[in-house]
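Both complexes shown next keep chain A, but they swap its partner, so chain B is in the first and chain C is in the second.
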Partner chain A sequence: MSVFQGSNPGKYSRALTRVVRAAVPFVIALGLGGIVLLATGHNPLAFYQLLVREAFGGVDRIAATLSAATPLLFTGLATAIAFRAGVFNVGVEGGFVFGGLIAATVALQAGLLAGMVAGALAGVLVSALPGWLKARWNVDEVVTTLMVNFVVAGVTGWLVTTFLQAKGVANSATALIPQGSWLPDLLPPYGLTAGVLVALALVVLYAVWIKHSVLGYELRQTGLNPRFSAAQGIRVGRVIMVSMLISGAIAGLGGAVHALGVVHRFVDGFSPGYGFTGIAVALLGRNSAVGVALGAVLFGALASAGTTAQLFSDIPLDIVDVLSGTVMIFAVVRLWRQR
Partner chain B sequence: MSVRLGARGVSRAFGAVRANQGVDVEVRAGTVHAVVGENGAGKTTLMRILYGLDQPDSGTVVIGDRPVRLRGAADGIANGIGLVPQELAMIGSLTLLENLVLGAEPRRGVRIDWARARAEAEELASDVGVELPWTAVADTVSISVRQQTEILRALRRGADVLILDEPTAALAPAQVDDLLRLLRELRDAGRTVVFISHKVDEVLAVADEITVMRGGKVITTRRADAVDRAELIELIVGEHVRTTGFVPSAVIGDEVLTVDGDVALSVRAGEIVGVAGIAGSGQDELVERVVGLRPAGGRITLSGKDITALAVDRRRAAGLGYISGERRAEGLSMDASLADNAIAGTHRAIGRRGWLAPSKVRRYAKRVLDSYSVRYGRLTAAARTLSGGNQQRVVIGRELDRAPALLVAAGPTRGVDVLGMAYIHDQLRALRDNGSGVLLVSEQLDELLELSDRIVVLHGGRVAGELPGGPESRTAVGALMLGRKAS
Partner chain C sequence: MITGILTSALLLWTPLAIAAMGGLLHRVGGVVNIGLEGQMLVGALIGALVSGATGNWALGVLAAGAAGGVVGLLMSLCVTRLGANEIIAGLGFTIVLSGLIGYLLRSVFDVSGTLRVTGLDPLPRVLGLDPLFLLAVVLVPVIAWSLRNTAAGLRLRATGDGFDAATALGIPANGIRDIAGTIAGMLAGIAGSHLVLGQVGLFNEDMVAGRGFIALAAFYFGRARPLPTALACLLFAVFDATQARLQTSGVPAQLIQTLPYLVVIAVLTATAVRDARGKSRRAG
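Then we have the complex of A and B:
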């Protein structure tokens, strides 16, 4: 076509459109949740008010929401980086869990910082093999990263009941980390640790890096069109490998932060699927830094409000799961043709 | 019934783009009617509307002198209209016969009656005077054969009006002649043909009437014998086009590229070497080997340096430029911004200590796009928002701005209109005159003859022969392309 196509709205209205579009899955979820609530004889508005109050009504509730959002910031970011390179990495859960175990073990001996570094390295280890298989042989990463999750679950479960199990503890858990090696609390007595600052710093770093670094440029191009990238001299395999290693490092660091800040040890069942919720966070946030931050806070709010909301109403906790699930489903659906 | 198929006041807009504006066309029964115009003139939109694939915003389609409403392709077929699209929609793993009957198989009980299918196929083919290898798998036959199958497929469904969208784009000259003969055959048998093209010579050779479109409007409809070549080009473009013609290189220097192996050739500084051949004769392999996208068997040198083992980025650093034949898949990243497209391959040189300064990126991209007259809105707009010709200018600009010692240009004017083509040809000549070597691969023989100092003809993955450039080589190159000896 010889005519310049499409309209040319201003910068701000385009940004606004993006925000509105990103919010739509959430609005649909609220609508569907409302129907479920009405059908079970509850007042949706009252319940949603309660949720908002429990998630953001006061310093204690905001701290709880941010605390719940922290692991999701890590897993969401780890997922987003791989997605940006066109790698559908669903192995962040494995990196998170393995990072948690290694961090908890190392911190027992060598302290906080060593634990964090070891956790990140453990995450790298988990993502290295699938990354290499994808980069070198184009082995489907969805299959390999999914399998790695099972391997990690098995290995950590076994380690924590054998070599690494704490003496005198009946369930599968490592020894409690001495308080000196915990991540410091930000707002005592609320359980918000410095981990959230680490996560937010990474989000900011990601925002700048993906947009303005040479490697970030190559990563974006590889994700958008690998054939184009290869033809212009970008080493696609190397970029994929790097994206997987960074993704793994962030996942492992997330596990470390969770172990050293919240649980203070590693226990079997350490992660209630943070890695998988991270996929929803990345999809909802369209792999952007701001999107990931908002997505993580949203799911964090649902989690923190859900647990306390049932204290004040007779509505079962399951309705919150319905809401989260619906948001996840509609986050994946492409509601607009992306042009 | 004089008007078999037509449009009355048809308008169709896509967003801000008015693809058709008040279009009036009358295709008389038993004629070959050509619709010509540049890219974006609205030809394809009009054909989709005439076939029922798209509906006009206003105006109406006319069939057999009566206004009708076509709600879909099924309505078009029911009215005896058949469309042979530009991108042939065949299933590559099936045989020609299977493709022919697909969706309307003759049956005996629940089973397909292959004997009857074969008989029908033979009858159709002999009616229009072609012979087809019915049991061959579609992927293994030439585009020309697939196209003929597609035409017969439309006839089998009862079409007596055939719409062909740019049917000659990927054919060798001899195949074009075959196709034009087939179209005349169809007309003489009483059928009606609508032939879309932007190649003036073919249109003049085959059409009875010619409708010229420009900017979504019909400019004029003429009898083919009442218009000459120059006049038709001016009608299409809307202004006088200066064509350079064949200008051989003045100074030829040392070899900048040598390739060993099945296809052995060399390109010298200040020389355009054309590579001719019907589609699939080994051009893609050659290009990918030289660029570094395919592991090479033989030795390849660039400016005297052995680059056989080097990756793409190293080859580019050593002075290689590459215009991909597949603009949408490989030449550009359609969803990436214009700036990101413009700096691709140069981004490492633009970066400092691993970072790309936004102002530097903007400056570089703007300079490249401006100096190659790309018409664009914002640098942040996605490449797909540009028209095809403008997109190709982005590619040309990105590759030529680096002043490569060797440019590999694969189909550099594919899908580009007359004016854009002249511009690109001038740019390639200018690059050559500045002392670069150009390896030009094209499926358009005219382009090769006009630009090349030498033409290497490929056939069956090997070099069939080499000829000098210029219009005199036409027949000899055409013969070599089909594997015959040059006389």
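Then we have the complex of A and C:
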């Protein structure tokens, strides 16, 4: 499994291994980003210092980081649950976007709670078809979930320019949700909403559920070895279906929280790829609850700090994509030989 | 109207088909290439820059192919040598490349998204057809023939069909995958250069607009066989040309754009159902 385990398979060395493994992709990303910055005439160390200060220096910046981490907590968790069951769901982006549109539409008529529920159900709707196809016919879920993202993008783009478009609004957006149906702010001057509490509660729930429930056990077993699980009497198809539905519900709820807490409507281009960053979060966190939480905060810090750093230096925000994409690539590589 | 749609469909077909042929080769070698999108974007930028700097479209196309090939090789090395998941590597490379290109546009070229290259030499046209269209037309039968009749083609298929068996027989399966990945990147890069040099005449960071994923859809639809894949590209190009034409007449363009993706889900399902039925019949 790793370099350290052979000599001393103790608890601490395993924890150390985990930390080293999670740090390596970040070090590579910072190195690569440093080369890009140097080549374009910027000082990488100064920029990284600025990033850290803008991400964690002060209550307002920490609030901004947690706010940016909130959608990633949802998408990372949604991805992790499916990965844990051995289902390679890359369709969380679609669930997030569709959940956002439906939540924003329903909340206009029926208020906050109905909007959240509707968003989660919309996410379920998006993941149900690929989940069923995988469970029933063993259709490759990687491709179907990837394709579903584009279908959702087209359908939501169409809805928001036709039936659901707000009157008198030039760009493609739904009507503004009345303030009574917004998710409440936690620290009023700063834009941190109660959505982060929902997300953290789900992460804790996931940690307990995956370890201490029958279904959680079946999920882990199916992810480790589906054939052995089937031989044990686990209904693998059902577990796959359930993991996809939960994954979709969390993705949709994430979209709902983003719509009702941050954007207060649905606009075209609602998600700058939260679902895809969620994949990186889940991979970096090795699908564990703590890992997902840390990963989401790290990527949230990158996004929020990158946005303000852009204002103080002439370094474009796009450098953040270079960093997070690199982390994604190297989150799963083997950098040492395995025996 | 119909001839208008056909003409623009053939223009849109060229980059799709070239990129899809690259993805097809990689697929035959056993790797699903999700990075075509990013490789096309790199090809588009490099093609524009080199064509502008040299005033020669051919050099632009070659440079685009070389740049795409380098990216394709790097991506393949991550998959074959470092054990990266091919889907994650593909998505990750696409994110890194679009981020890097956006960064360079804003910090080096001082433009926000769209780059006009002075002195850009567009592809020449003979009877409305450009050289890359001819390349695409030639590639389809050549790849089909090579996969059946050349040693390289047989080795590539062996690598894809049975990676361990091929390795056991002494075929350098990882090396072959790297070569296939490099060729896929080269073709995707050339396809990207067609967007700039053959169609638009300037570079935009969003100009690939999912064409890499449509190419992926095409070789899934064609089940990694050259002629059906090329025809799938033609179908998708006709969809694209039709929606561009019908945009003003109230036909929902966004819905037509989802058709290629829906087609892929349907094809994958049909294939899986047939496989499952065939298996149960053999077992019974």
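Criterion: the second predicted complex is superposed on the first by the 324 of 339 C-alpha atoms of A that agree within 3 Å, B and C clash if a C-alpha of one lies under 4 Å from a C-alpha of the other, contacts with A are read in each partner's own complex, and residues count from 1 in each chain.
Here, contacts are C-beta pairs under 8 Å (C-beta built on N, C-alpha and C of every residue); 3 or more make two chains touch, one makes a residue touch a chain.
Values in this document were obtained by computation on a predicted structure and should not be read as measured data.
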item: Contacts of A:L215 with chain B and chain C, given as first, second, both or neither; value: first
item: Partner chain in contact with A:E93 - chain B first, chain C second, else both or neither; value: neither
item: Partner chain(s) touched by A:E54 [first = chain B, second = chain C, both, neither]; value: neither
item: Chain B versus chain C as contact partner of A:R227, first or second or both or neither; value: first
item: Partner contacting more residues of chain A (chain B vs chain C); value: C
item: Where chain A meets both chain C and chain B, residue numbers; value: none
item: Contact set on chain A toward chain C in their complex; value: 36, 40, 42, 88, 90, 129-130, 133, 137-140, 142-144, 146-148, 150-151, 153-155, 157-158, 161-162, 273, 276, 279-280, 283, 314-316, 318-322, 324-326, 328-335
item: Contact set on chain C toward chain A in their complex; value: 32, 34, 78, 82-85, 87-89, 91-104, 106-108, 210, 213, 216-217, 220, 252, 254-255, 257-258, 261-262, 264-265, 268-269, 272-273, 276
item: Interface residues, chain B side, partner chain A - complex; value: 14-19, 38-41, 215, 291, 293, 311-316, 322, 324, 329-336, 340, 343-345, 347-348, 351, 354-358, 375-378, 382, 384-389
item: Touching residues on chain A, where the partner in the complex is chain B; value: 1-8, 212-215, 217-218, 220-221, 224-225, 227-235, 338-339
